[in-house]
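Think of it as A, B, C, D and E in the order they're written, each chain with its own count starting at 1.
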Amino acid sequence: MTSVPTSHVLLLAGTLFAIGLVGLLVRRNVVFMLVSIEVMLNAAGLAFVAAGSHWGQADGQVMFIFVLAMAAAEVSVGLALVLRLHQRFRTVDADAARELGGEGVASPAYGAVAADGGDE
Amino acid sequence: MLRLAWLLPALPFAGFVALALLGRRLPRATATAVGVGSVGLAFAVAVAIGAAWLAAPPAGGAYVQHLWRWFDVAGFAPDVALFVDPLALVMCGVVTGVGFLIHVYATEYMRDEPGYARFFASMNLFVGSMLTLVLADDLLLLYLGWEGVGLCSYLLIGFWYRDAANGRAARKAFVVTRVGDTAFAIALFLIVRELGTLEIDEVLVRAAAQWPAGGTLAILVAALLLAGAAGKSAQAPLQVWLPDAMAGPTPVSALIHAATMVTAGVYLIARMNVLFALAPPVMTAVMIVGAATLLLGAFSALAQRDLKRVLAYSTISQIGYMFLALGVGAWSAAVFHLMTHAFFKALLFLGAGAVLLATHHEGDVLKLGGLRRRLPVTFWTFVIGGAALAGVPLVTAGFFSKDAILWEAWSRGGPVPWAVGLLGAFLTALYVSRVILLTFFGEQKHAAEPERGLRIQLPLVALAALSIGGGWVHGGFDRFLAGDAHGGEALFEVVAAVISLAGVGVAWLAWRRGLWARPDGALQRFWRSGWGFDAVYHTLFVRPYVWFARANARDVFDRGADAIAGLARGGNRLLVASQDGRVRTYVAGLALGAVVLLAIGVIFARPEPAGAETATEVRP
Amino acid sequence: MNGTDLVALGPLLALGAAAVVTLLSIAVRRHQRATATIAGLGLVAAACALPAAADVAPRQVTALVRIDDFALLYIGLFLAAAFATIVLAHDDLRRRAEPHREEFHVLVLLSTLGACVLATSTHFASFFLGLETSSVALYALIAYPRSGPAHAEAGLKYLLLAGASSAFLLFGMALVYADLGALSFDGFAAALLAGRGTPALVWPALALVVAGASFKLAVAPFHMWVPDVYQGAPAPVTGFLATVSKGAVLAALLRLFVALGGVERPVVVWTFGALAVTSMLAGNLLALSQRSLKRLLACSSVAHLGYVLVAFLAAAPVALEAVTWYLVAYFVTTLAAFGVVTVLAGGDREADALDDYRGLFWRRPWLAALLTGCLLSLAGIPLTAGFLAKFYALAAGTSEARWALVVALVVNSALSAFYYLRVVVAMAAPAPAAAPARRVPLGAGVLLAVLALLLVGLGVYPAALTALIRATATALS
Amino acid sequence: MSLLWLVLLPVVGGLLALPLRDRGARWVALGALAAALALVCAVWSAGDGGRVADLSLAWLPQMGIRLHLALDGISFVLIVLTLVLGLLAVLASWTEIRERVGFFHFNLLWTLAGIVGVFLALDLFLFFFFWELMIVPMYLLIAIWGHENRTHASFKFFLFTQAGGLFLFVAILGLVFVHQQATGELTFDHDRLLDTPMSEGVAFWLMLGFFVAFAVKLPAFPLHTWLPDAHTEAPTAGSLVLAGLLLKTGAYGLLRFAIPLFPQASATFAPYAMALGVAGILYGAVLAFGQRDLKRLIAYTSVSHLGFVLLGLYAWNEMALQGVVLQMVAHGLATGGLFVLVGMLSERTHTRDLEKLGGIWDVAPRLGGAGMVLVMAALGLPGLGSFVAEMLILFGTFRVAPVMTALATLGLVCATIYALWIVQRTFHGENRGGWSFADLRAREAGVLAALIGALLWLGLYPQPVFDVARAALASLQGVVSGGHS
Amino acid sequence: MNVMFYVAAVVAVACTVRVVTHVNGVHALLYFVVSLFAVATIFYLIGAPFVAALELIVYAGAIMVLFIFVVMLLNRGPQSVAQERSWLNPRAWVGPTALSLVLAVEVGILLFAGDLELETQTRVAPKEVGITLLGPYLLAVEIASMLLLAGLVGAYHLGREGGREGGREGAHREPGAGR
């Protein structure tokens, strides 16, 4: 068996998590955002497995399985939503879908609000 | 008979209530009957009480009538009670008697006024308040009357309310007297704290027993009372309101600003003379105030062009005499002068009113002249009044009362107050002669209607009679008031007589040479402006006050609330901007939060010993 | 696992079974009313299972869940909220003329199940799975209608952000596990007691877990999705989202931190204290200028969770009582508010813009009165449940002498009144041209009446609820 | 139970008035208030002058909260004032309020119910309950039936009082927990919380919490800035209730709670409080003079008058306290009357701008006469209630703080200035606006006559009020005895 | 063996970076698959063969296929690549990278604070995992099934119209993925 220090594995997991986070923050394509979330979830799973192996318990792997299940469920719903969004907006640009979003958004529905809002 | 004392204030008050509530709906005759009748009845009551008193003076020299207990809090229990003694009786007599005559006069003078009922309502209220003031057994009740007459003064000065200048004069009168009242009020606080009561007799007894002569408390209280008296009686430095108060109808000037209200300060000091006696420095101060005001008023009177303003400054000056007398401790002389002054000054004002009626309110003496033929009754009564004011010897009341003051000034105060008084007497004779000469002699410069009827002339004549006869009762007056009488030294009487006659003579010479009509010099302007007091007060108090109130009308402290609102609005803008609808922004928030929470974890978990419950609790 | 365990799990089992039965009924025949009835009956059945479960409580069923009075109270609360959601949605879905309205009920049941699991969880696995079950169902619920403009957008936003937050949560859990070697709450306590693990690792790792949970609670700065999603989701779902999913996470956090030995540690105090203060401020400031009622309520909910966290930070018995009281009041108020929003929807759009509420007092006096009651309750004005709730939060903060938090709460409370009152004033304004008003359906009407009674009842006679909560809170501490 | 009914009568009346239109709502309101007035008089006359009625029921026993209401002299005086002014408020808005009449009276009655509750509550939680309860309907009164700038003003009113109220709440909770720690008893009862042992520092901070809340309501300088806005924009009945009653709750809170609960801390704080009082007297009076809006002007006079109350409260001797009680009543009548008068005036002229008014006496001498009397009451003219009240306060205060009293006395001069300014700019002067309208109608004259009559009565024979309040004040002073300067 | 771990780690990191940065969707996903392979290797190395297999089968095999399917479905060729590129402007990287760096550093600090250096790594056989999964975690499995049911119903409903295929795919795949 290897004797990789657990901390190194966790560090790898942390790195992957951070990369996933960067992806989530940077990409505008919804699909890529979902992928980035998958990266993060996978990193978390890796951390679970490493921890389980650290303690010599099966619980870590069990948790990984649950993470996997959750990732699958999330992705399926997510992709379904992406398709619906694509139908509606003809794009996968997350920023394009901004019908919601208060006064910060210059959409005709809510853009007029900022002017007279906040009267004290 | 004395039990009817309550009717004295009650009658005019009843008149006031009736006129105030029903005024407009009453026929004019009824309003007249109510307005004049109430004061006439009060006069009758006063006479009856006086007669009863003379017939059988009550034991102790005073009669107290308790009406009801005003309130009773923490042992402080002022009564609404009337205190009748010779001093009060004299004042009542003056107020109701002169008041009645003036009311009668006013029925004609105010004949064409739309506010006829309002006028008499105010006048009745004034008489009632003034009687409350002089009859009050308790300083708090006296204060009620004191403020009440102030209010009436305000209402009547501003009687012709459409003219903003009248309003200004009225306000000035009220505010300036109220400055004095504030001092009066503080004196009351002190008395209550130290002596526990405001009942005048009791206060005087306790003060005499508890306060050593010349003690700080006595001095403080007396000084504060002096300030109050000075405000009401238009003494320096609070005299500035009285000349402006001439904006009111002439009967008002006669009643309130000559005969009665302005002498309330004299009455107060006379009433509290025991207390003042405990404070010699304040007595000196009273004397100095009196002397200063005397001269100040006299010089100003000399330079006035308006008939009524001359009389106003004359009033200031004459009350200065009274203060001078009070200051040297001759309070009965002061009150005697108060009485005679009430007669002849009221007469002069009513005469001036008659002139104004005839000339359509042209009061500038330089534009008048030669009215002696057109207005004979007015002329003769005015001359009598003027003579009394000038102190023309032997035939006028003013001579006796002024002479008494001069004599007392010499005998109790020494040569300086006497000399001041003498100088004042000369000036008085000078200015009053000037006015008479300019108004009634020479050629007629201004058209004048003939004299009005009996209701004008009767009061003039009656007052003229009093102005002459009032002086002859001097001895009896003193006995009545103070229990003893002392005649003046003949030598002094002669000196005073010569001085006043000299004043008349100088005035005649100057008139003959046309000096009075010469253009003004700087000194004259200075005197005419009342020695510049108005300008100084305007710069020192009025303008800063108005400036601050106007500049800060929007209240700087409100800006604090605005600042908080601004802060909230700023925070709102910032946060709203972050709600841009972009998922990535929201994820950034998420990540930022995680990073911060992690940092909190890293920072605060580190120093903790493993697994142990913390002992030191950090609480945000 | 034996019979008693099954009795204890009864409510959860009933709920799961109800979901499956409902799904099957859809397969048999699509019929909204029937489906809704079945789902409602499922909720009732689950509720009926509560007393039986209470008889055997407290009971630890495997390491994963613990059925005790505390959990049962929360489950009851969630069931009631889910029932209310179904009643309201019934009306809402019909109005939208959706073609497929039936799956909605299955999703509500599943999401409720997840919430119930959370309330009972004593283990990271059940914590996480409960959370995700609740969430995944919610993604679909938010984006459920096809008619409205932005439902899909809201759903996707929620999904992306929830996914990311779950990743944080999981990563934190993994680190905790790596350090302590346990995944159950009791295991943590034991490990900490035994001196195992490094506090310097455990508490930051827990901070990540808290970060993940905070997203669900929508406390600042994890709150940014709230206005968009609240606005984008159909009103009944928003009500559900605002109540059940938050309440469940809060219950789980309570359990976790009580097991970890309370909230006395500076790190915990600072973590939650910071979250509380930023939430109150962010929520209230953001709400000041909102012109959409749903967004306004969203921002207000951010602030309210901040208030709850103040209560959360008190010592155990007080905190449990205060948090639970607050949640009950908040549930009642929020459901009523979104109920009114739902009922007022007309034609093809929801009543969302504040202008829709102008003159409501004169058009729909009862609804306006109820909404006013809700807003006043949220503002913490007497005669409403919210007043007592705020009292509890402040009492909890004061009892632990957390003056900074208390002052923050006070200042924010005053600030918040501004926007609540703005709505009230808008409603009292003269009525504009009368728009045709839909009649309030019977079910929703009855529901709203009950909520209104509760809203006032709790404010006037709070003793009964306090007694109930006090009885259950002992189960935990 | 009758005390509970005292609160419930306006509440029920409000609910009954809610669906009614115009006349119906008005009469219901009058009926409810009159009934409450009769009830409170009956309850009082059945007692012996002490705490005549005392009701204590369990409410939230787990937290030691009880429904504890009691009526003593001070409460009685203030409740009678509340109900009388309430009646007048209904009458004063008879023609002014024309829309949403039912809702208006609902709010009015609920405000009054809250105020009555505040004056009755002896459980601190209950007190706060009523304290908050009265704010909302009051807010609505301003926000819905107010003048042009009502939104801003109503928010300001609400936020100020709400913020103050919450500090009060925190202080109450703090006190309760301190009490619990010291004695093991969890209670919100006023009677039991007296004499809670606590350190000086704690007492001071808690006292400050109470003080801030009450000072906002009073309003004490410099927390007064909400008042001018609220007064200016409120409808007549709102201004009447605000000036006549709501402000009194602040004074009442100080009198009943802040000082007795923390005698030592209050004694320490007294000089500062009195200084604030004096500052308020002078500042309010000066600023009043600078205003153009008549209602705003009167609002600032309230700041000035309530400064006397603050001053007298912290002097804490019988004379000053009796003065405070009387001042509360007299200010309620006088300033309330002024607001009513301004309401009648602006109902006719549609302006409150002093630059546009003037010469009203020409047109409406009865209105002018009434205005004159009320203005004189504002400047403390003897013979009217305010005079006795202010004098007593000053007499009492002079014993503890002569210099401050002397400064406060200057306020009388400033009061004269603004009071005469009102007369000048409104009734006197030329009729520049070309006003022409009917003088007071019978109903209006009746309202004003009642107020003026009451003021005269208080000015000439205020003893009944003192007699009623005496026992209650004595017991309050007994609580504090020894703890105060 | 140590070396293998570090090699795999480097591969995983490098590929993941490419996943995040690549402008072509399909390519990015392929990188992800490689990354998953590397992680699976690491699973194996640290004694978790069962999840290593699951990683490949479920993640790489099922979930990624789903992604690729959608990407292909939505792919509009080169123009989408260009669009992707334009969306990824360099400035957009600064903030996120900094934020993530801070996060990573914090995690690093934690890990070195932790006592995780020299622990033995025992192999946990698939059987043991199975026993644990269906023993103490039975309840969790049931809950997971509900989770997947929720995903199924949700994806089915959302993907029903228009995105018919996507929805169906999701619905069909998941049960297999979970169990």
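Before moving on, here are some points about what is shown:
Just so we're on the same page, contacts are C-beta pairs under 8 Å (C-beta built on N, C-alpha and C of every residue); 3 or more make two chains touch, one makes a residue touch a chain.
Worth saying up front: this structure is predicted, and the values here are computed from it rather than measured.
Looking at chain A and chain E, the chains that touch each of them are B, C.
Distances from each chain's CA mean to the overall CA mean are smallest for chain D.
When chain centres are defined as mean Cα coordinates, E lies farthest from chain B. By C-beta pair count, the most extensively touching chains are A-E. One finds 59 Å separating the Cα centroids of chain A and chain D. Averaging C-alpha coordinates per chain places the centre of chain C 30 Å away from that of chain E. Mean C-alpha position of chain A lies 23 Å from that of chain C. Here the spacing of chain C and chain D, counted between their Cα centres, is 42 Å. In chain D, 151, 155 are the positions where the chain touches two or more neighbouring chains simultaneously. Multi-chain contact residues of chain C (touching two or more other chains): 125, 129, 132, 136, 139-140, 143, 152, 155-157, 160, 164, 175, 178, 197-198, 200, 204-205, 227-228, 288-289, 415, 418.
Taken residue by residue, chain E touches two or more other chains at 95-96, 99-100, 103, 106-107, 110-111, 113-114, 116, 137, 140, 144, 147, 150-151, 154-155, 158, whereas all remaining positions touch fewer.
If you check the complex, the residues on chain A that touch chain C are 6, 10, 13-14, 17, 20-21, 24, 30, 33-34, 37, 40-41, 43-45, 47-48, 50-52, 54-55, 57, 59-60, 62-63, 66-67, 70, 73-74, 77-78, 81-82, 84-85, 88, 94, 97-103, 110, 113-114, 117-118, 120. The part of chain C that touches chain E in the complex is made up of residues 1, 9, 16, 19-20, 23, 61-65, 100, 103, 106-107, 110-111, 113-114, 117, 123, 125-126, 129-130, 132-133, 136-137, 139-140, 143-144, 146, 152, 155, 175, 178-179, 197-198, 200-201, 204-205.
For chain E in complex with chain C, the residues that touch the partner chain are 106-107, 110-111, 113-116, 136-140, 142-144, 146-147, 149-151, 153-158, 160-161. Interface of chain E with chain B (complex): residues 95-96, 99-100, 102-103, 106-107, 109-110, 113. Across the complex, chain C meets chain A through its residues 124-125, 128-129, 132, 136, 139-140, 143, 149-150, 152-157, 159-160, 163-164, 166-167, 170-171, 173-175, 177-178, 181, 183, 227-229, 231-232, 288-292, 295, 418.
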